[in-house]
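Shared chain: chain A. Partners: chain B in the first complex, chain C in the second.
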Partner chain A sequence: MIQDIIQFPFLQNAFLSGILIGFIGPVIGVFLVVRRLSLIADTLSHVALSGVAAGLFLQNKVVQPINPVYVGMVFSIAGALFVENLRRWFRYYQELSLPIVLASATGLSVVLISLADGVNRDLFGYLFGSLIAVSRTDLMIVALIALLVLVMVVLLYKELFYLAFEEEAAVTSGIPKNTIHFVFVLLVALVIAVSMNIVGILLVSAMMTLPVAAGLQLAKSFKQVFVYAVLFSQVSVLTGLVLSYYFDLATGGTIVVLAALLLAGVIFVKKMVTWAKGSPRSPRKIRQV
Partner chain B sequence: MLESILEFSFIQRALLTGLIVGLISPLVGVFVVARRLSVVSEVVSHMSLFGIAVGSLVGVSVSYLAPVSIPVFGMIFAVIGALLVEGLRRVYRHFSELAIPLLLSVSIGMSVVLFSWMDGFNVNLFSYLFGNLLAVSRTDFNLTLLTGVVVLVTIFIFYKEMLMVTFDEAFARISGIPARFMQFLFVLLMAITISVMVRAVGVMLVTGLMIIPVAAAVQMEKGFKQTMGYAVLFSELSIILGLVLSYYFDLASGGTIILVSTVLFVTVFLARKMGVRRSVHTGGV
Partner chain C sequence: MSQEPIIELRDVTFRYDNRPVLEHINMTLNPGEFLGLVGPNGSGKSTLIKIILGLLKPQEGEVRLFGQPLSRFKDWSRVGYVSQKANSFNTGFPATVFEVVSMGLFGKMGLFKWMGKKEKEKVYQAIETVGLSDYTRQNIGQLSGGQQQRVFIARALVSEPDLLILDEPTVGVDAYSVAQFYQLLDNMHRKMGVSLVLVSHDIGVITSRVDRLACLNKKLFFHGDPEDFSEQQECILNQMYGHDVHVIEHNH
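Coming up: the complex of A and B.
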């Protein structure tokens, strides 16, 4: 494996960008899970899919030199702006508004794909991730965006933390809630856009939330959640990349199945440990009392 | 148009399947929206994709099972998914928030891995993801018809009980309705409806077809029965228009159907917004 990586530059690109995505994904994901916003990630990723479809359409029917991933990136950022406004419009349909945008974006992408005659290997890669799609330029962009996301999270850490746990107190103490929230949704859109190549559009949100859910099971403080989440995500990304290379599987699918297995394993082990210890809630203890 | 539709039996089958799906999906969808189960419907549709993947695998290895195994496994897995979500919700209350993303990602991840492992089935996978009414087989059609009858009859018989359990579970329990059984029955109905919808509009668009017409109907602000009526109207309209448009312009049928329903929703939304504004104006004067 190591030899192959040294030999093939496309594998280097895939692994390096996988490591970067495996780092920023869960970092943003922690706030998504804690604030219960994972549906926003899902919606934005489907909006990005319609961007990719539009890009495929332009590529196949109008102008040649255009990379669908960048069109997807533009769409997912535009989608972030739109979703933010939508919350204000449909105050009383909030929980329906996201599924409606999600479904419409998917419908649009399907129609655009059929217009572009785009049902092929490439589309499969955008949907479910692939090892060969990452070029040197893509890697540079992933690195740039990863840096940007990391800097923003470090700068806004206190504000994000405060808003996540004490929203009202945060607002009264003068934190500009809407601005912060808006910046956060933009960051989510950026992470989704750069994860498209490796993990695939349909699996991005799983990759952002599953390691965090596993981390939440073990962590004893908020900062530990980050550590565990990044650890789990790196394990699943790296193992997933290796397995998908050897067995020729869809990269994103393998990564996500591994992340899910890790989460299930963590829950199981935790249950076993509490059971063995005989937690105060277990029926045996209650009967003794 | 009429002639060419009557001429091709596969188009007849597509249209009939579409009409049946368009009837039962909003009927179930009204309850899904009222009980805020749209995420559960997403889980069920993804589980049925997992079932389709397993079914294709069985079909590849045992060739005489191939035409039957895919829809049947799709339905079985959808039911299993629905029962899993329902069971997990009951057993571990705080666990449901984890169970849903876990099931979602396991099912789609596993189906992707299975499909990529079988390879050469890409085109098939796409038709299950995005739906292809024009590729509906005879088995699919029969299954849809059967499901349609079951769903209609069940909703007709248990309408009152379901309504009560949906809006006031405690009261329903007191008045002697077996709430748990109704819940179970409803989840089963949802699962079989979704599994036949997957054939028509595809895994990724099932929730949309279930929810968007209902959301449009809810905006009319009428009673529950009228909302059901409007929802059926909107969904049949989007299916018929979507099919006709997709046939003429050679577009993917599932996507076109959803886009038509979105246009309907936005129209109703804007019309109502204008109407409200006008009435507020006159009210102020």
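Coming up: the complex of A and C.
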């Protein structure tokens, strides 16, 4: 395997960008999960899909050599801003903005895909992720965005943490909620856009939620959630890449299935430990009278 | 400390979708005072607090904090706030007592800064003040309701505020913890000179502890000494509620 990585640049690109995405995905995901906004990842990935479809359409019909991933990136950023505005519009039904945008974006994607001559191999790669899709330029972009995300999260850590824990109190202490939220949603959009090549549009949100869900089971502090989430994420990305290379499996799917198995394993072990300790909190069947 | 009032409300009126919630409220809190704000459910107590904290904007009237109009007030670290909702936060949130109390310093520290040694020391001290030193690294979800409430008070205290606002802080807290809680407030008020606003729907408990009392039900029905209040109690309450009321005295 290591020889292959040295020999084939495309594998280097895939592994390096996998490691980077496996790092920033859960870092951003922690804040999404604790704010109960995990669905934003799904929504924005569908918006990115419509961007990719638009990119493919331009590529096929307007003969311009344009990378659909960048169109997807522009779309997901625009989508992020749109969701924010819609949330303010539906003040009493804020979560409604997500299915609205998700459904509209999916509809637009399907129309654009049909205009761009339907499902081809390229589209399949974007949807489900692919080992060979990552070029050296893509890797550079992923690295740049990963750096940006990391720097922003470190700089805004305490504000993001306080807002996630108790928004009202955070605002009264003088934290500029709207600005922070705006920057954060932009970061989410960027992470989704750069994760498309490896994990695929339909599976991007899994990278932001599954490792975090597993991390939540074990963490004793907020900082520990990050440590565990990144750890689980790296294990699933690296193992997933190796397995998909040797057994010719869909890369994104393999990674996500592994992340789901890890989560199931963590929950199982935790239950066993609770059960072994005989804690009164362990689930018991209550007989209905 | 300057002698200008800490909170000054002048003729504040607030409507929610044209429904009046507060009408022509005039109120002051002087340095070092302990003000009890009482009123029935839905009387606008929490709305008034939100206006003082700048979370809601009144349609009419003026609010001043530490002598500055609210629109220009920036020094929010001088104000500590313990909300009603502190009791019903997400108990599954993965944060330790230390992490939650630290939040109280975030606003004061400003953007792009991380906690240093000095800040951590302050956090430990605030945790000690509320008597939770043994729980510093515990997850907040594992504490009892009374302990959680003390964590939120530590969070409000850690920035060494001159004003502490508590909105129904004892809801859902057991009687023993409530007694401890009032002890803590007394200490802060007497020894640290913190000015306090305590919101409650329970008139009996708070009249014996505060320096000044404000009774609110859309309008301000009384604003002054608790002793004067006791004398005119029935009259005021009848006006306020619109019918006969009997106050049950508790002596915690």
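Quick notes on this one:
The criterion applied here is as follows: the second predicted complex is superposed on the first by the 279 of 289 C-alpha atoms of A that agree within 3 Å, B and C clash if a C-alpha of one lies under 4 Å from a C-alpha of the other, contacts with A are read in each partner's own complex, and residues count from 1 in each chain.
Basically, a residue touches a chain if its C-beta (ideal position, glycine included) is under 8 Å from a C-beta of that chain, and two chains touch if they have at least 3 such contacts.
All figures in this text were calculated on a predicted structure; none of them were measured in a lab.
Look at A:L202: by the touch rule set out above, it reaches chain B but stays clear of chain C. Look at A:I19: by the touch rule set out above, it reaches neither chain B nor chain C. When both complexes are overlaid on chain A, the residue A:L58 reaches neither chain B nor chain C. In the superposition on chain A, A:L102 makes contact with chain B only, while chain C stays out of contact range.
Of the two partner chains, neither chain B nor chain C is touched by A:V183. By the touch criterion stated above, A:A143 is placed in contact with neither chain B nor chain C. By the touch criterion stated above, A:A264 is placed in contact with chain B alone, chain C being left untouched.
In the superposition on chain A, A:L238 contacts neither chain B nor chain C. When the two complexes are laid over each other on chain A, chain A has no residue in contact with both chain B and chain C. By the touch criterion given at the top, residues 33, 36, 38-39, 97-98, 101-102, 104-106, 108-113, 115-117, 119, 122-123, 125-126, 129-131, 202, 204-205, 207-209, 211-212, 215, 250-252, 254-259, 262, 265 of chain B touch chain A in their complex. Listing the residues of chain C that touch chain A in their complex gives 53-55, 74, 76-77, 79, 81, 83, 85-86, 89-90, 92-96, 98-100, 102-104, 106-109, 111-115, 137, 139, 155, 159.
Within the complex formed with chain C, the residues of chain A that make contact are 34, 155-159, 161-162, 165-166, 168-175, 216, 219-225. Listing the residues of chain A that touch chain B in their complex gives 36, 38-39, 46, 93, 95-96, 99-100, 102-104, 106-111, 113-115, 119-121, 123-124, 127-128, 200, 202-203, 206, 209-210, 213, 247-250, 252-257, 259-260, 263-264, 267.
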